[in-house]
Each structure stands twice: as structure tokens, then as C-alpha cells.
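You will see two complexes here that share subunit A, one where it goes with subunit B and one where it goes with subunit C.
Moving on to the complex of A and B:
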């Protein structure tokens, strides 16, 4: 099994497409950090202009933790797209290239192959998140220094002590990993259904965009739909920065994310084990 | 005893408002500058923030700066803004607006109307006439609206600087677009207009006053 996973990782590493995600993260984090370093004060003024009439803010607002948080909330919505780009054709790409049949002539079960591909995809997600974490957290702290973290919600503001922030970021990255694993298992499932390399990637992206748009509207009709959209639970990492943390909501959301991963993987296994392999 | 209290009341309420204000100003001017440690707690409807420690700097006539160890939301209004006005008795009208009785003290209500001031519209002060100190002020300025400040003192006789200042502020409702806050899962709590006003309080607790000791005045201009 380990050899199989290593082979899958090697395949991912060989594809130039795999590096688009790393390049995108490097570029976006770099641009955001540079822009905030040059003109962050205007950005902060713009955000807090509603308070200007009554309150002034003392202290270092634009610090490394806030910059990291801004980067995360910008990128974590986009990161599923970078993940789908790789995990969306892990199986269908083999079928499209005509290598799937050959691959299955080796003494490995189809289930092992699906698990190996999912594990390799998860490892890719982990490396992507580690890069994001190192660049956004360490880079921002280096450039902007430490301080208390201001979290903007649509109708409230939370201020967290600098000493109480780091562990929340670690928790947020763990939840982000789970969320992106839902995306990778979903796109892997779609990848089992087709022999077309690009289809599962496009469908995954479309589903995430549509679900996210529905999730962002305050329409009562959508309120009934939102609990059934996995994207509603993918942004629960932000709740790590609530004061106090609603552990009930966190636990439920994490459980739902895990259930989705298991469900998508089970469907993948069920379908792929019965699939007629033509190419 | 009742006779004694009534004499005290007559003496306290009998003072002319202008004289009382000038006596307070004279006492206050003896403190050229001070620094103090400060603990700030917040009770602002939509802001969740723990108490913050810091240091406060004051210099006559009205320079006031709070430096905090972390992030803090402070009222825009300088609590000593009107003290500069009192330096020149001809620059304001002093209106006696009556008195209130508190256990052990008589509180005189005095309105100060600047004749010409670029910012201050009206200062209303509640003065403990017996101890000659301000216990409450309500400052109305052109740019920051009205801010109410309560001043609580320790029991030491002659204590002229407050142990606690409580700012009462009117804050507009806070609302930013969901896409900007990326707070996609939340629901609006009500459909009220974003400008709906709510009341908040900021408490400044002072300790370790250091009177008339020099400090770097750059702190006021950073």
C-alpha cells in the first residue's frame, strides 16, 4: 500500500499542473502582504470607518495575526479550486491517458488504488496548507509583528489577545485540512464516474462556487438548503476565532465534514469496484 | 444636625456657579501633568473585547493620551477637553442649572456655553460642591456628538483625580457586507437600519498616579 501511495505521490509531483497551486499561493500571499505593508493603514481605515464617529482604536491593529487571518479568509474560499485541479483527475486522468487498465493489471485491488489516490491527494492538500501556513503566519508575523487580533463578523467585532491566538490558527488549519479533504474526496468520486480528465475538475469547481454563493445569501429559502451544503461547514474554521468558541457547533461541523469524506469515499469505492474499465 | 446639614447645603448651593468653576479650575491647575496606570473595560454592544491594561498621560491644559498594551476602543472625546476653556472666564457663559442632593454631598449642575469655540458646543458639569470636584460631565462637540463621563473618586480627603472614569457613548449599529467579512454562515440578527444607535460604556480605572513628574511629550503626537 505504501509503495502504491509513493507511486501516486510521484505521479502528482511529475505533473506541472501540481505546481500551479503552490505558485498561486506564493503569488497571492506575497501580493496581499506587500499591499498591506504599503497601504494597510487605508484598508484598516476603510473597514473601521463606521466606528469613526464614536470610537478611536488604540494599539497595533495591522499586525501579523490580522494579515494572516485576511489571507486565510481570502484563500480558503479559493483553495478548493486549487485542490480540485489535482484530485479531480486522479482516476479519470488515468482513464483518459489509457493507463488505468494497465494499472489495474498489477496485483492491487481497486479499493487499494482508490485509497492510495485519496491518501496521495490528501498529502498534496497537506503540503499546500503547510505552505500557506508558513507563508501567511510566519511571513506576516515577520513583516507586521505580533498583536491582538481583531475579527470582523458581519455584525460584531471580536478582539482576541495576541497570546490567545496561535493555537486558534493551528485549529483553523486542521479544520481547513478536513474541509479540503471533503473537496478532494468529492472530486475523486466524480473522477470515478467519468473517463474525461477535465469534467470532474470543472464540476467540482462549479459545485463549490454555486454552494458558496447560495451560502452567502440571507434569503429565507436558502436557509432551508444551507444545512445540506457541505460548503456551509467548510468555513467553520472561522469559528475557531469566536469568543467563546461554540464547541457544540464545531464538533457537529467537524463530524459532518468527516461524514462527507466517508460518504464520498464509500461511493467512490462502490462505483469504482463495479466499473467497467475500458481504457 | 439637620440645622448643620442645612447650613452646609446653603453654603454649598449658595456659591456662585462661576466661583465654583474657578475654584475647580484653580485646584486642577495645580496638577501640571500626570501619568497613571490604567485598566480599561468595555461594554459596547457589538464588540467582544477583554479588559486592557495601559498607561494614561495628561498635561495641562487638555492633552490626554491613553497608550494600551493591546487593542482598545477609546471614546474619541478627550475628557479634559473643556478645561482649556475654563482658563479664560470671559470665553464662556456659566449657567447655573440647579442642584441635586446626594448622600453626604450636594451636586451643582452647571452649564458652560463657549462664546467662540471651533469644536465645543456645550459642556455640562455636575460638581460636588462640598469636595470641589467634577462628578459627571456631558460634552457636546461638533464632530463627536455628546459624550457623558462619570468620575468616581476614592475616599481620601482632597482627592482631585478620579479613580474611575465611565464614558457613556452612543454607537451606531455595526454592519459590514458578508462577502467582505467572509462571514458567510451568519444570519442578520434583525432588520434594523444600520445606523440604529445603541448605548455603550467604557470604564477607565486609574491606579498609581504620578503627579507632576516629567515624561516624553511625544506620546501625545504619535
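Moving on to the complex of A and C:
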């Protein structure tokens, strides 16, 4: 099993496509940090303009923590797409290229192969998140310094002391990892169904975009649908910045994300173990 | 039936309402080159894929090395090397990297000396460090042979291995297959090129519509058939008439303006030649038609 995971990681590392995600994160984070560094003050003034008269703000509002939070908010749509680009192709890509035959005529079990691919995909997600974390958190702290984190929500304003923020970011990254693992298991499942390399990537992206759009509309009809969309639980990382944190909601959301991973992986295993390889 | 390296009992596979393999019974002896013949859609590839557990049978048992494939899949596959359909590789990796990766998956520690020897054997030593994406089809086919034998398997399954190879490539591959047999391995060879099977296979099966029409020793099966002789002359209608008058049982008939064919034992050929020459007919050539080809078409045309 370890050999299989190692070879899967090796293949991911050697594919040029794997580096698109890293380049995209580098670019997006770099652009946001640069733009806020140059013109951040006016951006903050504009946001807090609406609170004039209600709230008096002093100190370093545009600090590393706020910039990191803004980056995370911005990347919430892009990250799953970058993940799907790799994980949606893990099995179907091998089928399309004919290399699935090479793998399955070796002494490896199909279940092991699915697990190895999921593990390698998760490792890729972890590296992406680590890069995002280092660039957005460490980079922003270096550029903008520390300070209290002020977050405007639809009905409330959360002010978190600088000394009380860092662990929340760690928690947010852990939840983001779980959320992206749901995406990777979902696209891996789709990848088992087809021998077409592009299909699972496109379908994953389409599902995430559609679910996110439905989730962002406050319509009574959609309120009934939202609990059944896994994307509804992928944004729970934001709740790490609530004061106080609703641990009940967090626990439920995390459990639902884990259930989704298990469900998608189980379907993948069930289907792939019975699949005839014609490619 | 004698026990073989592979024993297949009542194997069946249906795709929707098409019966691809129909209650197939097959015994493949050890240490031989075994030919798989049949027209397109005969069920050859489906059978080979089932032997490698790429496709699950609906019914039947496949025993390899005396063990049930279903129950000892990993153990059995560790002793089989194969090329199925066409050799596909990770195009973004070099030939050496592909072999390294596949060796690991076969449960062996890759050894650079062994990989070099293998590349040398298949004539790719100068291209081993190049990405497979830059290889020609023939080079991929050679690399396919290398990956199939990298773990020193007892059984090698080659499905249409000569596809896309030039004549010299086919010749080299034939020699490689014979070398594998000499090294004590069993080679299962599926091919559309009947002469290929006739030249190198010891045993064969001819399949059609998912069934084994015949199986056994190649020479025994072919020698049981009558020989077809083709004679090229300068006056075929006259030659046909003369042979028919002298040897009515040979069934002489014109097959082209310059050629006739008849069924004749070897001993009579010199007499026919002499007879035609004395009758004022020039004979340009006399040869046996491909025996296996005739046998194959005779069986599968029904």
C-alpha cells in the first residue's frame, strides 16, 4: 500500500498539470497582497464608511490577519476547482491514457488503488493548503504586521484580539482541508465512473459552482435544499472567527463533511471493484 | 484434460445482450507458445482480460498456476507479465522511470543494471532517458515487452503485440518471444497475423463467437488438413483442363488468370510439374497456400 501511495505521489509530482494550482495560489495571493499593500487603506476606509457614527476604530485595522481572512474568502471558490483539476483525473485520466490496464495487471488490489489515489490526492490538497497558509498568513503578517481582527458579518461585527486569532486560523485551515477532501473524494468518485479524463473535472466544477450559487441565495425554496448540499458545510471555516464559537454547529458540520468523504469513497470502492476495464 | 498453466472452465461473459464468451473450456500447457486466434469479436481479448482480472466473468472458473484467480489474484498477477491491446505508458516519464515505477508495483526493487539490460534487450538503451511521449509506436511496443518481463514472470500474455511494428520489428519480436520460451516461460500470443502463430506457436486455440472451435498442437491440427497447392503458369485454362483429365480427384480450378489451385499430396507435386511441362505449359511457380490461413477460414466461415 505504501509503495502504491508513493508511486501515486510521484506521478502527481511529475505531472506539469499539478503545478497549475501552486502557480494560481502564488499569483492570486501575490496580487491581493500587493494590491492591499499599495491601496489597502482606501479599501478599508470604503468598507468601514458605512459604520461611521456607530463605531470608532483605531489602530492597525489592515493587518496580516485581516488580509489573510480576505484571501481565504476570495479563494473559497477557486481552491476546489484547483483540487478537482488533479483529483478528477486520477482514475479516469489513467483509463483514458490506457495506463489503468498497466496498473491493474500488477499485483495491486483495486481497493488499495482507490485508497492510494485518495491519499495522494489528499496529500496534494494538504500541500496546496500549506502553501496558501504560508503565503497568506505568514506573508501577510510580514507585510502588514499584527493587530486585532475585525470581521464584518451580515448582522454582526466580530472583533477578535490579535492574541486570540492565530489558533482560529489553524482551525480554519484544518476545516478547509476537510472541505477540500470532500471535493477530492467527490471528483475521485466521478473519476471511477468514466474513462473520460475531462468529464469528472468539469462535472465537479459545475456541481460546486451550482451548489455555491444556490447556497448564496436567501430564498425560502433554497433554504430547504441547502442542508443537502455539501458545499453548505464547506464554508463552516468562517465560524472559527465567531465570538463565541458555536461548537455544536462546528461539530455537526465537520461530521457531515466526514460522512460525505466516507460516502463518496464507499461508492468509489463499490463501483470500481466491479468495473470492467475496457480502456 | 491434462492440467495446464491456465485452466478455464465454463467461462462466460455477456455485454448487455451480446454473448462475448460462451461457456469456454480451455487448457493452456506450460512452457509453450500458445496462439490465440479468431476473427474480430471472437472473444479473444475478453478472455485474455478475464485471465488478468481486468474483466469479471459472469460464470466460470479461471485457474492460473493451479490456483483460482478470484481468490489468489495478487499472488497470480505477480507472476504474469502482459501487454493488452497496445502499450500505453506515462508519457511525461522517461522509459527508465516508467520501468522503475512498474517494477515497484510488481513487487520488486528496481535495479538500474537490470533495467539497462532490459532496455538493451529490446533495443532502447539509447532512448531510456527520453520521455515516452517522444517514442514511436514501435518503441512503445518494445518498452511494453520490457515492462512485461521486468519482474521475471512465469507467464507472459501478449495481445496483438505486432500491431504497428515494421517488418524488422516483427522479426525481432518473434525472436524475443522464442527467447522467452527458451527461458522456460509460457507465452500466450493473440494475433491477427496467422503466419505469426503458424511460425512460432506450439499450441493454439481458434475462437469464434465466444467459443473455442479447436484447440491443440498447431502442427497436428494443420497436418490433419489436406494441402492446397497453387501453381502459376502461362496458360492456366489449359493447365486446369489437363490436370482435371489426368487427376480428377485433385479438384483443380483456376483462381486467377495465371494461377490454379488443387489439393495434392507432396509426393505428387513433381509429377504435376513434369506433366505440365511435357504438355507445353510453362510453370513459373508452385507453392503451398498458407495452411493455417485455410484452416482458419474453413473453421470460422461457418
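In this section, the second predicted complex is superposed on the first by the 275 of 279 C-alpha atoms of A that agree within 3 Å, B and C clash if a C-alpha of one lies under 4 Å from a C-alpha of the other, contacts with A are read in each partner's own complex, and residues count from 1 in each chain.
FYI, a residue touches a chain if its C-beta (ideal position, glycine included) is under 8 Å from a C-beta of that chain, and two chains touch if they have at least 3 such contacts.
Note that the coordinates shown come from a computational prediction; the quantities given were computed from them, not determined experimentally.
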{"item": "Touching partner for A:14 - first (subunit B), second (subunit C), both, neither", "value": "second"}
{"item": "First, second, both or neither for A:148, with subunit B first and subunit C second", "value": "first"}
{"item": "Subunit B versus subunit C as contact partner of A:93, first or second or both or neither", "value": "neither"}
{"item": "Partner chain in contact with A:80 - subunit B first, subunit C second, else both or neither", "value": "neither"}
{"item": "Which partner, subunit B or subunit C, touches more subunit A residues", "value": "B"}
{"item": "Which superposed partner A:200 touches (first subunit B, second subunit C, both, neither)", "value": "neither"}
{"item": "Partner chain(s) touched by A:40 [first = subunit B, second = subunit C, both, neither]", "value": "neither"}
{"item": "Which of subunit B and subunit C A:101 touches, first, second, both or neither", "value": "second"}
{"item": "Interfacial residue positions of subunit A with respect to subunit C in the complex", "value": "3-4, 6-7, 10-11, 14-16, 97-99, 101-109, 274, 276-278"}
{"item": "Sites on subunit A touched by subunit B in the complex", "value": "47, 50-51, 53-61, 73-74, 77, 147-148, 150, 152-159, 161-162, 212, 215-216, 218, 223, 226, 232, 235-236, 238, 243"}
{"item": "Residues of subunit B that touch subunit A when the two form their complex", "value": "44, 46-50, 52, 54, 66-76, 144-145, 169-189, 194"}
{"item": "Subunit A contact footprint on subunit C (complex, rising order)", "value": "49, 52-56, 73-75, 77-78, 80, 82, 84-86, 88-93, 97, 101-102, 104-107, 147"}
